[in-house]
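Next, two complexes with chain A in common: one pairs it with chain B, the other with chain C.
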Partner chain A sequence: MAFEAKSHVWDGTATVRLRGELAAKSAGQLNRVIAEVSAQPLKRLVLLMDELTYLSSAGLRSLVFAHQRLGRGVEIVLVGAQPEVAETIRLTGFDRSVVMQEPV
Partner chain B sequence: MTPADPVGPRVAALVRDLAARAGLDRARAYRLRLASDEIATNAVTHGGVDTVSLCGGLDDTRVWVVVEDNAPPFDPRTYDPEVVLTDPHEREPGGLGLFLAHSGVDELHYERTANRNRTTLVIHRELSVPGGNPESSVPDGTAELSVPDASAELSVPGGTMEPGAGGRRGTGG
Partner chain C sequence: MRLSVAERATREVLVVGDTRPDLLEGLAAAGFHVTEAQPADVADDLGRPDVVLLAASLGLPRVALLSRRAREAGAPGAMVFADGDLGALEACVRAGFEFVAPPYSPVLLRGRIVSAWERGRLTARGEQRAVEETVREYERDLYVAHELQAGFLPDVLPKPPGWELSARFRPARMVSGDFYDVFELLDGRRLGFVVADVCDKGIGAALFMALIRTLLRHNAEHTPATLAGGSDLSPRLAFGTGPLVQSVVDTNRYLVGHHLKQGYFATVFFGVLDPLSGGLVYLNCGHNPPVVVRADGTRALLRPTGPALGLSADSEYAPARAFLNPGDALFAYTDGVVEARDVAGARFGTAAMLRALGPRRSAEELLDAVDDALRRHVEGAEQSDDITMFGLRRGLLGIVP
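This part shows the complex of A and B:
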């Protein structure tokens, strides 16, 4: 149930590992992490999602928030989303604004 | 501090129970949970209610969750899909939850009754009907689950959220 977002930034790429459930309660936590990492110039935001087990609209809004905050010049890559989470992202069309990758 | 989120875990627990009884596959259980979570969370964050009642039930062909609240009348079927289809750079936040609720379930019913909003989210159970063999279409043991008052058994006792949450409204617009 708990949510974790661990981040690091290196050479213009911010990598955030999401773990647990991203919903109404935890969305603010991700917003803060996004705000932190985007305080410096970024070329890319990579979200590692293989351990994200649940994504509600509140969580999805955090991803949209990241997209809006970073602007079109910053590529957002979602890596390894579980099938149900990926379906939610695709249903809302957000997959057209980001790159969705299988885990490497 | 972050507002409490008691409704999400309650929805999760209820749907987990229903899914186990119904033998729902993971994808269907997930969609029922998500849709119910969206409707219940919407009532709390936008309806400003301090009480959301949840109950669920199942019969031979369907599994459902009923979300009730005493917010002002709000019919979730009236959402505007255009909100979601707009470029995320340009759209206002909001609307996503209702869109997901609609998209995830097989049926969504709404009625305003006794000054309460009552939204019912239904997932169809996967009944294997191989080659149209009717005898195998209903698994053994299903009958005992198809009691009309199954919903009563599955009501969440802690259906009332703490009064302290009353009147809080979300900032999502």
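This part shows the complex of A and C:
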């Protein structure tokens, strides 16, 4: 399934909705979106993940990349990850670097 | 239908390479919408720009490849912009590329870009030749990398008395981010083994594979047997935890200290086995849990004990332990196994892998069982991720201390 990342920034919070499969082929697309939203000072990056159906290690790398690019001052919140996607994030221990939330 | 650049209200210009403020200002003033990117950002996907501007200093091989990619993405090839490297600019121009150079006035930029776009021949005359030559060079490089990488895997597996080891390694491409390693520690009194997966795939992952494998092994081979400060393990198990923990902690520190910006991380399972007693101390750094298959058919998972290497300077690694009795086996693997897809896109999955893991007469048969089930599942679908499997089995007549 194709990957989509739609973003908007408001009041220091960038929100990106992820849809489809985040893998090697789509990671570049997310990297570009993150680069675009981080052109302005951010306090928080919120990734809405309820429609993300798959996350490969290359896809996870693009989240790690975002985390390192934004630095410690920017909180990253992952919202509503599906069980398999959440499992991938927890398995590698990346959940310790971000905030994982149920959908609101 | 795609509107011509003259008709559209905003034209999307993708600028690749280190940009110059005067160029960006000129483009904006000329009414273009500009996206900046580095070559790594667009390695997999250029997006849908109308015009692609490439820094001449990227060099002709990269310019030619990116220009071809731009055409594949629907843009009429790419132009180069002068960014201070005259020799590089001349090479691109000799190959036939259109170019823009300072002063980057909005009027001049607009004129050159729109006229080049409308002629629809940004595709340079020399592009095809440059691309072919570059691809040939890359193929040679990849072949060499493939050969070199084989040298980073063990030639032969050790064979401690009473034990049998087996491994399979199938990269999805010429080079791989997976690796496994087996080596003797502490004068042969312990056996170290590693199964690891560097995130992502291809040449970038392969470079990190070589680095991480080397750091882990080198650190392990040069660390005393036990941890400073003691541990709550029995002396027998504690013997060997030094190389295990220290090598993982040092490797993580090195990766975070020197390579954090590149965003690479590696999931690593590192075990240190006492072949005489069957005692195993291990660290699972964010890796898919290896499976202990008992002689009676029960299974246990060796779950993560800490995060993947390269994620954070604060990561802590405390060893866990297990025992392998005569007839017990351990199966370690990378995610390419459970995530292998059939032609319809369905993944093999952990449940199917566990079903294939019953008691077998040898480590080789254990790997065969998983491999057979895996092959039946994928049935000729293209392999998309590196696959590594490692098996270790204690013979039924295992030596008892």
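Here is the rule we go by: the second predicted complex is superposed on the first by the 104 of 104 C-alpha atoms of A that agree within 3 Å, B and C clash if a C-alpha of one lies under 4 Å from a C-alpha of the other, contacts with A are read in each partner's own complex, and residues count from 1 in each chain.
Following the convention adopted for this analysis, a contact is a pair of C-beta atoms (placed from the backbone, for glycine too) under 8 Å apart; a residue touches a chain by one contact, two chains touch by 3 or more.
The structure displayed is predicted, hence computed values, not measured ones.
Engineer: Of the partners chain B and chain C, which touch A:62 in the superposed model: first, second, both, neither?
Structural biologist: So A:62 only meets chain C here.
Engineer: Is A:83 touching the first partner chain B, the second partner chain C, both, or neither of them?
Structural biologist: first
Engineer: Quick one: is A:72 in contact with chain B, with chain C, with both, or with neither? Answer first, second, both or neither.
Structural biologist: In the superposition, A:72 touches chain B alone.
Engineer: By the touch definition at the top of the document, which applies to A:31: first (chain B), second (chain C), both, or neither?
Structural biologist: second
Engineer: If you lay the two complexes on top of each other, which residues of chain A touch chain B in one and chain C in the other?
Structural biologist: 24-25, 28-29, 56-58, 60-61, 64-65, 68, 91-94, 97
Engineer: List the residues on chain A that touch chain C in their complex, please.
Structural biologist: 24-29, 31-32, 35-36, 56-58, 60-62, 64-65, 68-69, 91-94, 96-97
Engineer: Which residues of chain B touch chain A in the complex?
Structural biologist: Answer in residue numbers: 2-5, 8-9, 12, 26-27, 30-31, 33-34, 37-38, 41, 45, 84-85, 87-89, 93, 96-97, 99-100, 103, 172.
Engineer: Help me check something: in the complex, which residues belonging to chain A touch chain B?
Structural biologist: Going through chain A, the ones touching chain B are 1, 21, 23-25, 28-29, 54, 56-58, 60-61, 64-65, 67-68, 72, 83-84, 87-88, 91-94, 97.
Engineer: Going by the contact rule set out above, which residues of chain C touch chain A in the complex?
Structural biologist: So the residues of chain C in touch with chain A come to 35-37, 41-45, 47, 197, 199-201, 260-261, 263-265, 267, 285-288, 304, 306-308, 311-312, 315, 335, 339, 385.
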